[in-house]
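Going in written order, the chains are labelled A, B, C and D, and every chain counts its residues from 1.
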Amino acid sequence: MGAYFKELFSGTKSLFVGLQITFGQMLKPLVTQQYPHEISTMTPRFRGHIELIPKEDGTTKCIVCGMCQRSCPSGCITVAGEKREGVKGKVLTKYRLDFTKCSLCGMCVESCRPGAITFSKEYNLASTRKEDYTFDLLKRLEEKAK
Amino acid sequence: MNMVNGIFMDFNKLKERLTALALIEEVPATPPAAPAKGEEEQPPAEPAAPVSRPAASETDYPVRGFHLDVKVAADSVVAAATILDEEGFFLEAVTGVDWIKDKELEVVYDYTIWQPTCRVVIRTRLNREAPEVPTISEVCPGANWHERETHDFFGIKFSGHPDLTPLLLPEDADFHPLLKDFQV
Amino acid sequence: MSHPLPINNQESFVLNLGPQHPATHGVLRVKLTMDGEYIMHAEPVLGYIHRMHEKMGENRTWAQFMPNTGRMDYLSALSFNHCYAALVEKAMGIEVPERAEYLRVITVELNRISSHLVWFGAFILDLGGFSPLLYAFDDREHILDLLESVTGSRLTYCYFRFGGLYNDIDENFVDGTREFIKTMRERLPMYHNLVTKNIILIKRIKDIGPISKETIRKYGATGPVARGSGIDYDIRKNEPYSIYPEFDFDIPVYTECDSMARYMVRMDEIEQSMRIIEQALDKLPEGPIMAPKVPKILKPPKGDYYQAVESARGSLGMRAVSDGTNKAYRLKVRSPTFSNLSLFSEVSEGMLLPDALALMGSLDLVIPEIDR
Amino acid sequence: MDSEIIRVIAFLVGVIAFAALNAAYLVWLERKEAAHIQRRIGPKEVGPFGLLQPMVDGIKLMTKQILIPDGVDPILFRLAPILAMIPAIMCFVTIPFSQELVARNINLGLLMIFAFASINVLALLLGGWASANKYAVISAARAVAQNVAYEIPMLITVITMVMITGTLNLNDIVAQQPNISQWYIFRFSASPLMPVAFLIFFVCSLAETNRAPFDLSEAESELVAGFHTEYSSMGFGLFFMGEYANIVIGSSLAVILFLGGWQDPFGLFPGVWWFLIKLYCLIFTVIWIRWTYPRTQFYGLLNLSWKILIPISLFNLLLTAGFLKVF
């Protein structure tokens, strides 16, 4: 009988303590971010899809060695280059990223010896079409340079 | 090098009991020597060419991650499970390996125990054409799902298993994806 | 509470719990044979999110499998990272620099706390309380921010590399982590007052879903589920890896065997993980974060290797069979909840549906990890 | 005669509007309050402070298709939501919002409210049964057991109140509590356990209206959505409105019986505003409770009723009877 009343009282007390805590939380400031109205900036190491780093003149550092393509676990990078007159080495003609397969592991960035690719800070990616996630990184670079 | 000795009081006893079950293999000769069917407590049946010894070896734990590696015949799997169960071990996983070049399938049972650090690996090799091994789910019910999974992936039949319907694969799956000749 | 009545076999019916059901946290399906609200037989049906990671392991190089490890257990992905990295390092004999080991421990323990916080919220949500989930998510957000600033991702990390880490921490990480621990220490008593001491919760999970020591052993359950049944088994202590022996921490063990015990184990583990992180931050050495000589193309010697680590859900094991090439010949992942869930069928027999769901919640299921 | 008809029509419209508006805006209150308890902001996009959100939700619900699944009992399936809403509206008839603002000041008002409130459970039972869904059937069974268990302590408490007040007329009961010291919750001369009686009544009204922590019949983590799993569109909407209307009635009764109804705490300016203030404070608490506690287990719920609430309310009944006799 004693235990019955003890539990009754301690139980009721625990319920009131609970109410007190949630009421206290109600008075505290909000912690959420109102997303479309407020947009957070990404940390420097945030991994968005990869992109080519421009040199000062706006061209790429890529030497078309194909290391990124080979190191990619899911095969989402396609690189192509060609020999051109008067240029040492190969010239990048195509850098295609299939972002639907990319897992943002960073193997390509790590394996890139000239340091030509990096993670972008873009995260507002939404589309209903698959093709929108196939990025032509070279074209993006050229557009950026303009 | 072996961290087990000294800590685990019954290690030698356990090793002895498991060694009795182990297959006999010829060590310095060609590695995958044709394993003779080793029966209970008959260590050297007929001393063959170089050195014949039971296929139970202490392994280098820091390198391999387990202490004892025992190869047994398919029908000794339940006996091994019983011994380990009696010693207080529990089953961590059952899995298979497809040795397609040897035309064999290997079933690997990982056991471990709570208190002293000790991991025991029991393995058995089966004919790749008709892989069949008795189930140990009677001894440790936890093996039920692990064996079902192994059956899914390798098509190894665990005779006596209560329910071998695919667990992770679709219900009507008739393929075994982890076989080396399975085309993705 | 188990059924006081003999179960009537004539009036049973089958109830499909899942694959889309609010209590199964993902795509688990449980086929329940019920007598009224009593469960006569429960049969979990798995495989709805099976992706055959093990086959992918055989088709990719050792390094290329790393991203897969972050995608099995989405709540403690770094434990899987750690297990795989340690496995290959063991096979290759690579020494990891001390600083990298410290950072691995710090990030893994942070990940463990975040995993337990999600579990805490989701468990209370299963029991019908909504607000603790969002409080827990608020705290978890800080961890995710910290981990994002280091690893670059928030959930499916691919941060560890063979021989070290992808990158070093930034300048704010140490202070940020200390700050987080400070706020978390203030929050934990709040959780206990709001949830743990709540009489409704106590009535819901105390003495519910008892799992005996023998059942734990027979089914190979590990982690908080085992420790809630009085088994002092934690890979970090029993089979030390990385630099865990250098830290002073306790393994919470409760002997009540019920859902409350499993709940308490996880709540106490949050505090223990914070202790580990604090010590690691104090001792964090300077130095490189990558081993100096890691070959570009990894070809571990022939043989098989096993590595176990303690993930947030229990003993996580990976077994690799190498044939000396740059791809694994066989890669087996022993996921802890696979074993933990396998005992559900036996334990839930004769339980009421809400109690069985409390039991299922206390097992801390992450379905992608079970299905792999 | 004519004015009487106009009066009836005016009150009919008023009561329905009150019930519907309450249902709509209590959802808004619930969402806002839940959000702030969880340190979120809640609805904010539609109108200032999201105030138009309930309207938009209502329009959405009304324009959706009513799905009648195969295998349901078509008549009962359609009847159940209506049965959930109508008795709730009927209950409003006798509730005195102020001394004059009452649709029908019936002498047996209290009795009538309980008579109609009991029909609510029938709606849940029919809805669950007619849905031909296992979750819904389990939920319906739970709802019935729960309502039966909680009607007893509630009625015992009400009997205690009737013994003290000596009337079933709600307006008279309110009139007996002119200021805060006369409120029945603090009327210690009637019984020293009056605050406990209020608590019991409050807990029972939570259970009767299937509110958290007693929302077993719609426990989303167990039974998906309980008895209204199969309902869509306004079928669901009516259940929803009925539920909120019931909360309003439960809280109104608590206000009338224990907290002095439309009376001013200081005896100065009695009126409808006091009734509404008290009512919404109680409803606020109901919502606050929902977002604080986990759900009880079924036997825990019955244990609470049979082992705690019924003995205490019976004891209170005896104690009050003794006090009435002695003093």
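The definition used in the following text is that contacts are C-beta pairs under 8 Å (C-beta built on N, C-alpha and C of every residue); 3 or more make two chains touch, one makes a residue touch a chain.
Bear in mind that the values here come from a model prediction, so they are computed numbers and not experimental data.
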Other chains in touch with both chain A and chain D: C
From the mean C-alpha coordinate of chain C to that of chain D, what's the distance rounded to whole Å? 43
What is the distance, in whole Å, between the centres of chain B and chain D, each centre taken as the mean of its C-alpha atoms? 65
Could you state the distance in Å from the CA-based centre of chain B to that of chain C? 27
Multi-chain touching residues of chain D, meaning two or more other chains, are 37-40, 291-293
What are the residue numbers in chain B that touch two or more other chains? none
Touching two or more other chains - residues of chain C: 131, 135, 138, 194, 198, 200
What chain pairs are in touch here? A-C, A-D, B-C, C-D
Seen from chain C, its contact residues with chain A in the complex are 60, 63-68, 70-71, 131, 135, 138, 141, 145, 148-153, 156, 158, 161, 166-167, 170, 190, 193-194, 197-200
In the complex of these two chains, what residues of chain A are touching chain C? 7, 10-12, 14-15, 17-18, 21-22, 25, 31, 43-47, 71-74, 103-107, 110, 119
Where on chain A does chain D make contact in their complex? 8, 15, 18-19, 21-23, 25-26, 28-32, 34
State the interface residues of chain D toward chain C in the complex, per the touch definition above. 34, 37-40, 134-135, 138, 141, 212-213, 215-216, 219-222, 224, 291-300
If we count contacts the way the header does, which residues on chain D are in touch with chain A in the complex? 33, 36-41, 44, 288-289, 291-293, 308
